[in-house]
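Following are the structures in question.
Both of the next two complexes hold subunit A, though its partner changes from subunit B to subunit C.
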Partner chain A sequence: MKKKKIMKTVTPYLWLLPSILLMLIFILFPIFEVFRTSLSEVSRAGIIKGFTGLDNFAKVIKGPTFGLVLKNTVVWTIVVVGLSTLIGFALAMVLNNEFRGRKIARAIVVFPWATSLIIQAGVWKFIIDSDYGTLNTLFMKLGLISKPMNWTPTPGAYFAWECWVGIFVTIPFVTFCVLSGLQSIDAAYYESATVDGAGFWDKLLHITLPLVRSSLTVSTVLNIIYVFNSFPIIWTITKGDPANRTDTLVTYLYKQAFYKGRTGEAAAISVIGFLILCICASVYMVLSLRKEEQDA
Partner chain B sequence: MRKSKEKMYIKSARTPKEKIFRVLLYATVILLVLVTLYPYFVMFTTALKSRAEIYSMKGTLLPIDWEWENFADIWKLAPLGRYFINSIVVSGGATAIAIICGIPAAYALSRMKFKGKKFFLGLVIVSQMFAPVVLLVGIYKIMSMLHLTDTLLALVFINAAFNQAFAIWLLRGTFMSISPEMEQAATIDGCNQLQAMIKVLLPVAAPGIVTALIFVFINAWNEYTVALTLISSDILKPLTVGITVFNGYNMIEWQYLFASSLFATIPVVALFICIEKHLVGGLTSGGVKG
Partner chain C sequence: MNKKCLAAATIAAMVAAVPTVCYAEDTEVNVIAAEYGQNTAEWWSNFVEDFNKDNPGIKLNVEVVSWNDIYTVVNTRIQGNNAPDILNIDVFADYQADGLLLPAQDYVSEETYAKMYPSFLEQSIVDDVVWAVPDLASARALYYNVDILEAAGVKPPTTWEELTAACEAIKAYDDSIYPWGIDMTTDEGQAAFAYYTWNNGGGFVDENGEWALNSAENVEAIEYAVNLVNSGYTNSDPANDTRYDLQDMFGAGQVAMVIAPNSLPTYIAEGGHEVNYAVASIPCNKGESVSAGVMDRFMCFDNGYSDEELAAITTFFDYFYEDARYSEWVLMEGFLPATMAGGEAVAAADESMAAWVDIVGSSKFYPTAKAEWADVKQGVIDAEQRALLGEDVKTLLDELQADIAG
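On to the complex of A and B.
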């Protein structure tokens, strides 16, 4: 009898065991290693020599470009997540209507989600190329411009294009999260609101938004994490150059670790990034959950 | 519900305001589709141009000569076949491990009560906060310890681990939407829990499992950063890293880059379209409800 009881308590953990082992070895251990490395003196060959406290953090923060990189990261995350959420939400409202070819339109809209970021970024790099790019060809054929334009005159312009590619590939995820929320809304709500004389904005603010809030929270939190950590787009288009002007934390840390051999500092950047992400995500979760409770 | 919506549309489509709305709706959808397809159009048409045409100052929308040979040439210029097999091995292996570990975990999370359930779910979410790129320093370390650097097995494990959270979310969402009564009946008939899960739950949950399978497969297929860092032998590169050989330092062979990109893209986009409908419902329902 006692044995049976023990089995009953232990069983769920046995079911979880393979999954826990997998994540323990390949995620939690690397996390532990990154934290340990960030607090250690590391040789160029990557061998840990000893505890140095917050030295690596001090070196990173005092670095001449760190402020710029941090600013880029914040701009990148806010612009990409903000605009893709806004546009993705609007597109979900559009695609939620009944129209001919709706299924095909929806299938096409997921293309960027399913395509490797490295390939998407490669195509856009070609599209905006100032010498051979096809955007100039297209706009000239359409009569929008009369002679080829330089689409990337400044590092800032490159960065803006990188943000656009980020937005382009993030929209489908938002759209589909919101769509799944929209589809669970009973049409009767809208019908009775119309009877009561509610306009488009009233319906949007008082029916649609509160009911898709949980889908929107999931997509926004996940997107903050993914966009903040996104590497291939910037790596493909500019590699963070010229002179770190388009670097975000992840491309910067990649260069520190694998080009410059400053493993300790790279690990410190990872930890800083994680802390920022933790704060943002939890603030957002708390705020949106509180709002949800208020509305309920 | 759908029927009543359609009826509404037919009835109200007569008013002029509604007509303008329909026109605007179609215009938006067409614009949306065109913008989304534009990069794919560029990829396809550029893949069929000659290098001279791409690097000529006079840009063209469609190729002057359709160079279908480009698609044959890429196989001679790079070991694409090998890259393709590597991608299949990595994605297939990662998917198998992620699902084999994910199914029992999702089962426990949806069917059993135990201490630390919330903690485990929290852990799964935290694991999502670290993208592999942020952990490369640590990933490199564990792979050196296991003597797995520069092996496909390393990519299999990393992709499986980092997709574990999504696999569990999707599967848990599916399992929770299925009533446990059938399994309970099977247990009374003498099945143990494992048998009940395999014989009763899994067949019913098949669509959800397939969705999770394909989703993990696509993510692993499209992964770039870890493969770039851990793989140094050319013959072990997966497609995403392999095709960048055409992205040289001096001159980019755009036509070959895009021909091979198309080849790496089409299979996964096709797979994605199959699961698109099931995917998001699973993600949001499995992820939100505690």
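On to the complex of A and C.
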């Protein structure tokens, strides 16, 4: 009898064991290694020379470019997540309506999502290039401009294009998250609201938004993490150049690790990013879930 | 029946074990080699086959790794106490600084060592010891579009004054052509620093080999280069246009003059372009024109070898640098030789290479033997890019010098 009871208690853990082991090996161990490296002195050849406390963090934070890179990362994350959520939400509302060719429209929205980020970024780099870009060719053929225009005259312009590419590739994810939420809303709510004389904005604010909040929370939290850590777009288009003006934490740490051989400092940047993300995502989730509980 | 099966299995196992036993007695030599191009892996595969056939008792393993991954692969191996015996890569100072390498003369025979250009060996000296041997080199020179220069009525420039005048003339001839190509990107901006400072009597280090990044010659050189950009004589985006972008534009006739390696003709031909080009020395402002050389190396990790193992490594190098085989190696991807006999063989095999063999012999090289090189390299690129954004060159180079030399 006792044996049966023990088995009953142990069995679920046995089932969980493979997942826990996988998580330990592939998630927790690398995280531990990054923390350990960030607190160590590492030679350029990759040999750990000893514990250095917070030296790597101090070097990174005191560095002349860290502030700029951190600011870029914040702007990049807010602009890309904010605008892609706004546009993705609007697009989901459109795609939720019945219209001819809706299936084709939905398939087209998936395309940017289904293509690899490096290819997307490479294609956009090709489009906006001032020497051989297709945007110039198109505008010249249409007679809108007489000679090639420089679409990226300043680092700010480059960064704006990168944000646009980020938004472009993030929209599909938001759209489909919101669309799944929209489809679960009972049409009866809208019918009753219409009978009560509610307009478009009333329905949007009081029915749609509260009911898709959980979908929006999921897409926003995941997007904050993805976008904050996104590497391929910026790396493919500018490599963070000129002079770190378009670097985010991830491209900056890559340069520290693989161009300057400063593994310890690169790990410290990684830890800083990890902590920022943990805080932002937790705060956002706590606030949204609390609001949800209050509404319920 | 079962006994028969067991007997058969035992015999099979014994037969299978025979080659294993033989191999176990072989001395293994493990090499990690950089992948220079599409032909590298096949060349090494044939080399391994020939080497193992000609040198019974030694088992050579060569792992060809792409340039994108090779540093990570090697560092991971080192961290796991599994360093290769021999490594073919560009830099060595970081491994030497950690005490991981053997001096070159411990594992290269005198005969093979004597084959190499002394000026190449000097590039791998730290504390009066040579730590690596050169495997190949490439050099840079000025390529110009003959048709464009003729149409604009200018000769290939030899001085900075002539260069500015040529740019002006080309711009006047056709505004849509970039007269001059400049690459100040994260990947190769240090080359631009070398082209202009070396040809103005400056450079990365002074005559004593100490960092001299903020010399007056260097400030003047970078100001001149940035001025070319600001005058509209160059490609519009030097911080983002890589060497390959410039080579493509040169092939397409969009850039009239560009400093490029000896592999440019092959690159242009593979890209499907046809351009009427010629080669000249890099324009200079002070002294004689200096070409920029790039050199890769072999180094040997100190894995606590027995005499037998060290002898196997020596055999590898003797076999690799054997004149005919070595010429085949450098010609395989269109590089330049690092040995005198190789130079003669390559010059004899291909007339167009003869001039390049002379150029590489008199080239200057990056000071990669200094431990701060990675920081200097990225530092000069950063200074160039900030100068392009309008910051003061002298201040930037003063800051860099203070940062590097303390």
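Note that in this section the second predicted complex is superposed on the first by the 288 of 296 C-alpha atoms of A that agree within 3 Å, B and C clash if a C-alpha of one lies under 4 Å from a C-alpha of the other, contacts with A are read in each partner's own complex, and residues count from 1 in each chain.
Just so it is clear, a contact is a pair of C-beta atoms (placed from the backbone, for glycine too) under 8 Å apart; a residue touches a chain by one contact, two chains touch by 3 or more.
Everything numeric here is computed off the predicted structure, so don't read it as measured data.
Of the two partner chains placed around the shared chain by superposition, subunit C is the only one that A:Gly261 touches, whereas subunit B remains out of contact.
Of the two partner chains placed by superposition, only subunit C is touched by A:Ser130; subunit B is not. Looking at the shared chain after the overlay, A:Lys239 reaches subunit C, while subunit B stays out of its contact range.
Look at A:Leu54: by the touch rule set out above, it reaches neither subunit B nor subunit C. Touching more residues of subunit A than its counterpart among subunit B and subunit C is B.
In the superposed pair of complexes, A:Pro12 makes contact with subunit B only, with no contact to subunit C.
In the superposition on chain A, A:Asn150 makes contact with subunit C only, while subunit B stays out of contact range.
Shared-chain residue A:Ala281: touches subunit B; no touch with subunit C. Of the two partner chains placed around the shared chain by superposition, subunit B is the only one that A:Asn229 touches, whereas subunit C remains out of contact.
Shared contact residues of subunit A, touching subunit B in one structure and subunit C in the other: 46, 131-132, 258.
Residue ranges of subunit A in contact with subunit C, taken from their complex: 43-48, 130-132, 147, 150, 152, 155, 158, 238-245, 255, 258-261.
Against subunit A, the residues of subunit B that register as touching in their complex are 1, 4-6, 8-9, 22, 25-26, 28-29, 32-33, 36-40, 42-43, 46, 54-55, 57, 59-61, 97-98, 100-102, 104-105, 107-109, 112-114, 117, 120, 123-124, 127-131, 133-142, 157-158, 160-162, 164, 168, 193, 218, 221-222, 224-225, 229, 240, 243-244, 247, 252, 254, 257-258, 261, 264-265, 268-269, 271-273, 276, 279-281, 283-284, 287-288. Contact residues of subunit C toward subunit A in the complex are 71-72, 74-76, 78-79, 94-95, 97-98, 100, 176, 185-187, 235-237, 239-241, 245, 249, 252, 254, 371, 374-375, 378, 382, 385-386, 388-389. Across the interface of their complex, subunit B is touched by residues 9, 11-13, 15-23, 25-34, 37, 46, 91, 94-95, 97-99, 101, 105-120, 122-124, 126-127, 131-134, 136-138, 140-141, 148, 168, 176-177, 179-181, 186-187, 191, 214-215, 217-218, 222, 225-226, 229-232, 235, 250, 253-254, 257-258, 263, 266-267, 270, 273-274, 277-278, 281 of subunit A.
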